[in-house]
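Letters are used for the chains, namely A, B and C, taken in the order the chains are written, and counting of residues starts over at 1 for each.
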């Protein structure tokens, strides 16, 4: 099945996820259009990270279906029914998604360059030369062309996070997930990482799903802002509307608290 | 400053070596004065060195088996399904929970008899016992090192769509190696020392040659002190190597 | 196969003898461990001495003993010492050798434990003008020893298993008892298996206890 350009690239359909007694996602319905930039905001513990992790296949949902580019992620089709996905199917669909983590999670035993080439060479089976050429381009793009041979321990937090972005980009995902990627950074390093993401957002083709507490930044780069609380979408819309004129009481009080802070 | 510190440690380590050898030299000298031998102590060396070849062979083969067993069992115990984990866990606990000498005797005396009828040469029995015993300890080292890999490394590998085997080979094991190497060095030293046990199953290693010499030539003091020096010269460089490894924390963040 | 795989009747028959061997093993282990705990402390303190004429030779001796096999050391104690007039029963000789060998291991534990004591404690002791003995006995050791207990426990379990080597110098402990039983009847499966089971039944629960202690001290 070829996805139509107006079809969503990501669709959560009635997705539920609980940790023991605690239901974190409740019958969540949620779409992301191709190339759309969506920011998720909401109180701590509301389940923002869980949305991204379920989509990255780091957590298994208890119920519902997630569609990525027209294919079910955690399921596969068997006749007209959906059955749990095989490892093979999971890997195929997962290939559309990339993620940048709060704590970078760079491979400490590899140089910056090898961090970026490792998966393209071994997972995508790209020729080594091509993978390296592309990695150098990407690292140049994030301003680290002179750090190719450095190990993560020799890089600052902001530099590590930029390598991590290059590493995720090298897999050419259709959807990229960013989970509070600046919140582990010293304040003076936040800007350099946000600039890189801002450029990515402007370049366009890739859909981006961001969780962030940087409201100014969210307002700038997002096509849509989603206010999320207690496992549900409370309110969503263009940034001007959500930040400027929120309708829901919970949204209002959340922004009041955040902005006063 | 840390450089000076290392230099100091290095010098001190060699001083131990020198002093140790001096002490042995003096002891041998005293023995020679008390019981003047017909010939100098070094006439014993050729025979002991024949034993040394067996000791080294046994150490290398035992270490090779132990290494394979440790990695396979350690990885299986860290990541296998519950049946595999239980079986491997049983092996590890049995070999760690009983005496290596009993394991060696079991392999050497029990296996050739019915119902097993599996006759092993003393060398094969020695390699098997040493490899399986030290391998069980090594498996725990491997398991611990794998368990110490931060969860984020696994998540990053999944996000990059690596299949489990590739993740193990390219992400987890290389990082675990740093933690594994120093304890493996220590296990190698223990294995080297444990090779002496094969003298009890008639394999003619250094210790066995020493026991034989004691019976044929006498000169017990010389014989055993020479043996000690031989083992020391084999083991102490390994000890120094382990200490050196422990100081290398290349990309530890 | 005409014979039974495992002759239980035979095994039950020799069990009392085997248990006597186990009892000897336990005695050897306990005495040797006490020796190792004391010798290890002395070695650790000696190596820390400010006087290089004490610290260096002790360090050399410790390194040397650690780097050579227990079995050879047992033979030296058993065959060499009597030539210089030191005649002792094999049981005593073996226990001393075992304790001395493992003393070099426990000394490393003491060393690490003492090194882990905060500098401020030494400085406080000096500021209060404590004598060196008071500093050690009153301040450093009481803090250093409890966290060492699990590591010492590990060596106790190791010594229990390694005491099997004393069979080579005719100490009739568990392993030699099993071997003798096997030699007499030409059936080694049962005695060696049962000896293994006895070793396991004691050392496995003990190491679980040690693990719990480790967790308790790590949790602090």
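As a convention for this text, contacts are C-beta pairs under 8 Å (C-beta built on N, C-alpha and C of every residue); 3 or more make two chains touch, one makes a residue touch a chain.
Only a predicted model underlies this, so the values are computations on that prediction, with no experimental measurement involved.
With centres taken as mean C-alpha coordinates, the chain found closest to the middle of all protein C-alpha atoms is B.
For this structure, the chains sharing the highest number of C-beta contacts are B-C.
Taking each chain's centre as the average of its CA atoms, chain A and chain B sit 48 Å apart. Centre-to-centre separation of chain A and chain C, using mean CA positions: 56 Å. Chain geometry summary: the mean Cα position of chain B and that of chain C are 19 Å apart.
Chain contacts: chain B has no residue touching two or more partner chains. In the complex of the two chains, the chain C residues touching chain B come out as 1, 3, 5, 56-57, 59-61, 63-64, 66-73, 75-76, 79-80, 83, 161-165, 167-168, 175, 178-179, 182, 186-189, 192-193, 195-196, 199-200, 203-204, 207.
The part of chain A that touches chain B in the complex is made up of residues 56-58, 87, 91, 94-95, 97-99, 101, 103-109, 118-119, 122-123, 151-153, 167-168, 171.
Within the complex, the chain B residues that touch chain C are 12, 15-17, 19-20, 23-24, 93-94, 96-103, 105-106, 109-110, 113-115, 189, 193-197, 199-200, 207, 210-211, 214, 220-221, 224-225, 227-228, 231-232, 235-236, 239. Chain B makes touch with chain A in their complex at residues 150, 152-153, 155-156, 158-163, 166, 170-171, 174-175, 178, 251-253.
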